[in-house]
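Read from first to last, the chains carry the letters A, B, C and D; within each, the first residue is number 1.
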Amino acid sequence: MSYEPKIVGFLCNWCSYTGADLAGTSRIQYPANVRIIRVMCSARIDPTFVMDALAQGADGVLICGCHPGDCHYSEGNYKAMRRFPLLKNLLKSYGIEDDRVRQAWVSASEGQRFADIVGDMTERVRALGPSRVHSTLLADQRER
Amino acid sequence: MAIRINPKLVTAIAKYGAEDVQKCYHCGNCSAVCLHADETFNFPRKPMRLLQMGLEKRIEASLDPWLCYYCGQCSTQCPRGAEPGETMMSLRRWLTARYDFTGISRLFYQSWKAELAAILIMAVLTAAGFLLYGFSYGDLRVYDGPGAFLPSSAVHIFDWAMAIVLVLLLGSNAARMWWLTTGSNKKIKFDFWLYVKKLYTLPLHFFTQKRYADCESRQPWKLHLWLMLSYVTMLVLIMFFLEPMQAGPDIRWSVHALGYAAALGLLVTVVYAIHGRVKKSEVHMKHSHESDWIFLFMLVLVTVSGVLQHVLHRAGTDMAANIAYVVHLALVVPMLTLEVPFSKWSHLAYRPLAMYLAEIHRVALPQPKALTEPAELMKMAS
Amino acid sequence: MKVGVFIVRSQQDDGINLQAIANYVANLPKVEKVRILEREPRLKSEKLAAEIRSESLQRIVLAGCSPGYFKPVFARAMAMAGGDPEEVRLASFREHGAATVDATERAKAIVACAVCGVPFPLAAEPKSTSVNPATLIIGGGVAGIQAALEIADGGKRVVLVERTGTIGGHMAMFDKTFPTLDCAACILTPKMVAVGDHDMIELLTNAEVREVTGKPGDYKVKVLKKARCVDLEACVACNACSDICPVSVLSEFDSKLSHRKAIYIPFPQAVPNVYLVDPETCTYILTEGKKCGACLKKCPKECINLKEKDQVVEFAVGNIIVATGYDLFDAKRIERYGYGKYPNVLTSLEFERITNASGPTGGKIVLKSKKLNKRTKVEEWVADPEAVAPKSVAIIHCVGSRDENYNPYCSRVCCMYSLKFAHLVREKLPEATCYEFYIDMRAFGKGYEEFMERIKAEGTHIIRGRTAQVSEVNGQLVVKGEDLLLSRVIELPADMVILAVGVVPAAGTLELAKMLGVPRDDDGWFSELNYNASPTHTERGDIFVAGMCQGPKDIPDTVAQASAVAAGVLRTIACGRGTNDLSTLSLSDIESRAAQIEAHSTQVR
Amino acid sequence: MDELKIGVYVCNCGTNIAHIVNAEGVKEAAAALPDVVIARSYRYMCSNPGQEMIVKDIQELGLNRVVVAACSPRMHERTFRNACKTGGLNPYLFEMANIREQCSWVHADKLAATEKAKALTHGAVNRVRHHEPLDSLTAEMCPSTLVLGGGIAGMTAALELAMAGHPVYLVEKADHLGGNLARVDSTAPYLDSARDLLTERITHLRENPDISIMLNSQLKSLSGFIGNFSATIETNGGPNPPERKVIPVGNVVVATGYKEFDASRITHYGYGKLPDVITSFEFEQMMRAGRIQTKSGKPPQYVAIIHCVGSRNQEFHGYCSRVCCMTALKYANEIKSALPDSYVSDVYIDMHAFGKGCEDFYKKSSEIKTLFLMYGKNESPVIRKAGPNDDCGMLIEVDEKLSGERIEIPADLVILMVGMEARPDAGEVARLVNISADKDGWFIESHPKLDPVATTTDGIYIAGTCAAPKDIPDSVAQARAAAGRILAKIAKGKIEIDGVFAEINEDRCSGCRMCNELCPYSAIEFYADKKRSHVIPAACKACGACVAACPSGAIKGRHFTDQQIYAQIEGVLA
């Protein structure tokens, strides 16, 4: 059986999670590789979550929040947005490929968009092959 | 250099008929629906704007009002009930008054009483004149031949005299129109050959009024054309064939056939017009200025009296025919002398002239090409 | 104090006997002179001043339907005569609702108050009534939803009656909302869900109010619950029934741009999230159970009952909130725009659906295309996501609005949503050109003007001038109108034309108005009690209006009104006192009250 | 705490889940997980038998954690939480795995879907282990309200609240009530009397025992949170020294209104230099005095009204002031009424006649022969003195857009329609009550569409023109809306605070105050004495921004703790 990447998706409760539900109610198909974890706001997503997910063996991590300006908490998604580049740098320093971690904005009415994003991401990650982070990171931790 | 606006004009123009012009909030619908408005002559909205702002000089200089034949589309579709059609009509009245150097026209349009009085006086004078002539040179019991009360020869001379006066009056006003709209326009330099080349448009529009035919409904054009041809026929008959016309008592089909046709045309169209204006059956008949009524009724009376004197003469009752003739003349003379140069009838000259000048403008003025490309649009806008 | 009363005749005051009023007023104490002015009187301050001096009047009362116009000329006269111009008082019949029941009596009362220099609302305060704590809300649009939540959050019971199968109203159909461009679903659906599972809200969808009797504070309501044929509790919205249903008709929710089944759910996020059966098209119902019934067999929870009958429920409420919203102006009425003739001349709502991410095209802006309906064998113009995108889009403002031949009033929202459309077009089809034909750009709200500037900057051609007509020149739609700023008549090609249709009172407004005894204004919207002082109260006690049904409004204003109404309701419940109908007050009541107030009045200014 | 007993319930949702996901498989997988004492699958967990199943198990097997793998929590989380409650279990000890909307409905591959369902369930089980029983707190709701501003909005809000029998403190800076409305003679578009409106409101206010009107007063400070504010009001009544009063209030309505634009800022209008160029408010005074006249005392023959003075102009204010257009039409009518022989020119950009009855008013105004002249945005008419042989005092030069002509408008009196702008002290007020103002100084609502009167700070509401320009009906509606919110809160008596909020571990907090800045609801206050931050549960909306940001990990986002999420991650990836 071909390699199936595991992707963890952190979705904000108000827009993205609802959007994912809409994909469901509208029966829009997308790869089963993503496992969704609901948080109240994209601002809640601590970079360490992402690191942890990768450490636990995720091949990719998807972060979704409301479109800029739509945040239920008025500006949470901006905070997430500002935080993301830092995370990216961190990941680079670990030698983790850029495509493995992605941030996207999905509104409550964009079921299709969510499906597309997941589909696209799955392909990219599949192309990258299994993540080595799991092992390497564990090694680091052992040294510490 | 900025021009001073004159808020008072709107109130003044009301006398000429335009009462709703101020209602216009400038959506541009009228200009867009008008089939005669084009790149050079954009109306009725633009003239309405000039009117609202009281820019008399600009209005004087514009031919727009004459290019409108009042099909009424603009008025029916106007979202504010601003009656663009009627406003153009009123502007034509106002312009007529402006072209007329004697100021009589202005007087007539602003007070129908004055116009009526003038007509009466003129009628009385004419009647008196012809009676005097008749009694001193002829016999009331004789209609034609020797000793006729009003011999065609005499009347004929009078016709021509009057015609010349009219042409002079109308001509001078037409000249003023040319000067105000074209002659004084710096942008249009005088080009004799152009004027000659375009000359054909004058008779063309006078006799066919083809632009009228372009309006939404052709019905008004047909009627108007019929009316016009009828009195042109009548005019020709009177100016050139008065003698055989008047001779009798037996019918001379050569001329009379035409005469009958013309008389019929006049009667039918005029009665139709009156009926329409009373019933307000059509858009362009909704609003009637006093001058319209006076004109129409004069026309009816003239036609009827004319027919009457003819019938009486054929019936052999010469005396009655003569009296009818005097009455007829007492109506014709004031109508022609007053209506043609100073009132509604003057448009028979101004309209074709406007068409003619419009042609000149189109050639002489730089032609903006039709806007269909957004790019150009943006260029223009910026 | 010597008072002179001038009564102004006007077109509106049919049904009001001015002479009777004059006679009545003449007998009031203090009134020195009464005069009826003819229609559109030509008044001169100089003359009036002389009159005032000769009669040595200290107060002038101007009575009439809306006599406000003449106040300045009298004020000037008063000043000339050395009196106090502030003592020119208005007795406006329209302002205080004398268009309703026995107008003349009301008018008398209004004048009486003015004569005493007492504002009518002060003197005319109906007795308070006891209040049933339950509230009826008619209409489940954003106004109804907002009001319902506010009141229910206050711990008071609400019955929300909605005519269609789901709450959400028009807003649920929209894609984005101006000027913030946040998606309507994102902000509305949470509120809809909240309404759906609020303990204090009883939701009656697919239902209509049929009868309202009783009096303020205690209204008896009859509601017709149309057969939904699906068990509200049991249905899990699994779509099995809809999948099997052979009947396919054009979806109202997608403004007929896509298909739905005879058993359907208006849209995926509907509340209640339960299917319903359309009796007009369901084969089983039409054939009285002889044919079809496929869904019955298919439903895993056996929660479909196609034999279900409509039923009437009765209950009592204290307050009633009317939030029936609006319908769109029927664009077919303006033939020269070719709506219904040319498939790609769309109404604004149709475009909302096309551009909506959860709409028939998944948010792709495309031209309509012909599709054969397999069942009916007729070709229908529908929005197909695969169809071609327009290269040019023209948006026409004020369709049916600001036009005496149709609706004289301004619909208030079209300018802004048109700008929003322009933005969406430019955003989704950067190549496409986009025109707006407007008369006045009414960007009056918070952040609206800035929004307009933004749209301009995005490169939309904003043309001042009303489009005269849309025609088809060998297959190409052409829009003709005058560009007033260039003063040129222009003809522009447009693949898609969007008509920014205005709004009209919702169907059935007239009947409802009769049922409730709430008057309507000349344009058919519900009349508020007082334009300035009480924009959400009505002539009837404890009946309120909120949102579009009172007059065109955008979402923030609608929501504000809805909350305002909630305040009115919560207040009456909190203090246990509602307000009775104004009509319960007799002339003498008001008269004496006015006199009282004047006696120990605290003069303002 | 005693050892974990987790119950897992897998819903088939008829065939909705079962036709793709092998529910039995998911059940067995779950059953194999540690601490799981019972795992069941059932056709419809949401149905009554389904729920009863849970209740029964809690009571009989003593479950202390419950997981349901079914549809989206947005659909049935509430249902199952209630089931737990009835079973005697704290509802927060429940977790849901979404294996319908986000699994069976979006995947065709049965195997993959089943695997995913297992993973999601595993995640839920892991997460639920770390759940803690949470109880919603309650706080007192003080029934009295503070209303800032005695204009039409403030007065209306105050009345609405007081008539419901709740005490209200109406604080007004000036020495009289009425605000800007008190300067107006009549109102557009129906030309009703503004004075009557005012008299009615003020009389009611004075008669109402529950309202204490505080004139010449200002808010000096506000502390506390919703339901429990304490406000310090300073009153300086003329000679005697200012006195301070501290009042406890539950909610605050900010209705501080606007100030008019200062016309002298636009030089080319010559306001202040040309005697007969006046502002709209100066004209209102003329109206009230019944004397429309030039400085020389003569009634003007030509009057010009200029719109958008200071509004819709990038140099001054970009926004539209919303009321000036109709007010201008009102003036046109008033002038024509008082001086029938005068000529009124109305110089506008766009005619904003959008309200009820406004378009009709616009038309009526043109029927009385008002001359409407259009000028371009950001272009400005120039007013200059007329020459000796002009029949007018001034000439206004402007590019008229609808004719394309550059024209001179004769005028003896020019009225400048000055726009609205935020009061100079708006920033100060915003700071005091802890709300924010936008670039123009208008207060920001919590949501421009669906929450126009609330702010990001619970218990603080805005109404009327302090939020943005507005006409009277809209201000009144907003004022009532604000009152409505407050009435609802008071009606409940106590404020329910959901158990889910952030809390700060004071031992860990370094007092860096990063979170204070971050919180959009300013729910985090700083104890200067202890150098520690502290979350006000009543104000916290549990977004978790602070939790993620806290450098010392001192903040715990209840029900979304790091522990719980780490566990869930581990679960979904296992």
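Structural remarks
Heads up, the rule we're going with is that contacts are C-beta pairs under 8 Å (C-beta built on N, C-alpha and C of every residue); 3 or more make two chains touch, one makes a residue touch a chain.
Computed from a prediction, not measured in an experiment: that's the story for all the values here.
When every chain is represented by the mean of its C-alpha atoms, the one lying closest to the mean of all protein C-alpha atoms is C.
Measuring from the averaged C-alpha position of chain C to that of chain D gives a distance of 23 Å.
Our note on geometry: chain A versus chain C, Cα centroid distance of 44 Å, whole angstroms. We define each chain's centre as the mean of its Cα atoms; on that basis chain A and chain B are separated by 83 Å.
Remark: chain B and chain C have CA centroids separated by 52 Å (rounded to whole angstrom). Of all residues in chain C, those touching 2 or more other chains are 180, 182, 187, 402, 464, 484-485, 487, listed in ascending order.
Residue numbers of chain B whose C-beta contacts span two or more other chains: 25-26, 46, 80. Multi-chain contact residues of chain A (touching two or more other chains): 18, 25, 27. The list of touching chain pairs reads A-C, A-D, B-C, B-D, C-D.
By the touch criterion given at the top, residues 25-29, 31-33, 37-39, 42, 45-46, 77, 79-81, 368, 370-372, 374, 377-378, 380-381 of chain B touch chain C in their complex. Residues 14-15, 18, 22, 25-27, 66-67, 69-70, 107-113 of chain A touch chain C in their complex. Taken in their complex, chain C has these residues touching chain B: 336, 392, 398, 402-405, 433, 435, 439, 461, 463-469, 480-493. Partner chain D is touched in their complex by these residues of chain A: 4, 6, 8, 17-18, 20-21, 23-25, 27-33, 35-41, 43-46, 48-49, 52-53, 56-58, 72-76, 79, 83, 115. Residues 42-45, 66, 68-73, 75-80, 85-86, 88-90, 92, 94-95, 118-122, 142, 146, 150-151, 153-156, 177, 180, 182, 187-188, 191, 193, 197, 234, 236, 238, 240, 273, 300-301, 402, 408-410, 412, 440-450, 453, 464, 484-485, 487, 521, 525, 528, 531-536, 550-552, 555-557, 559-568, 570-571, 573-575, 597, 601-605 of chain C are the ones that touch chain D when the two sit in their complex.
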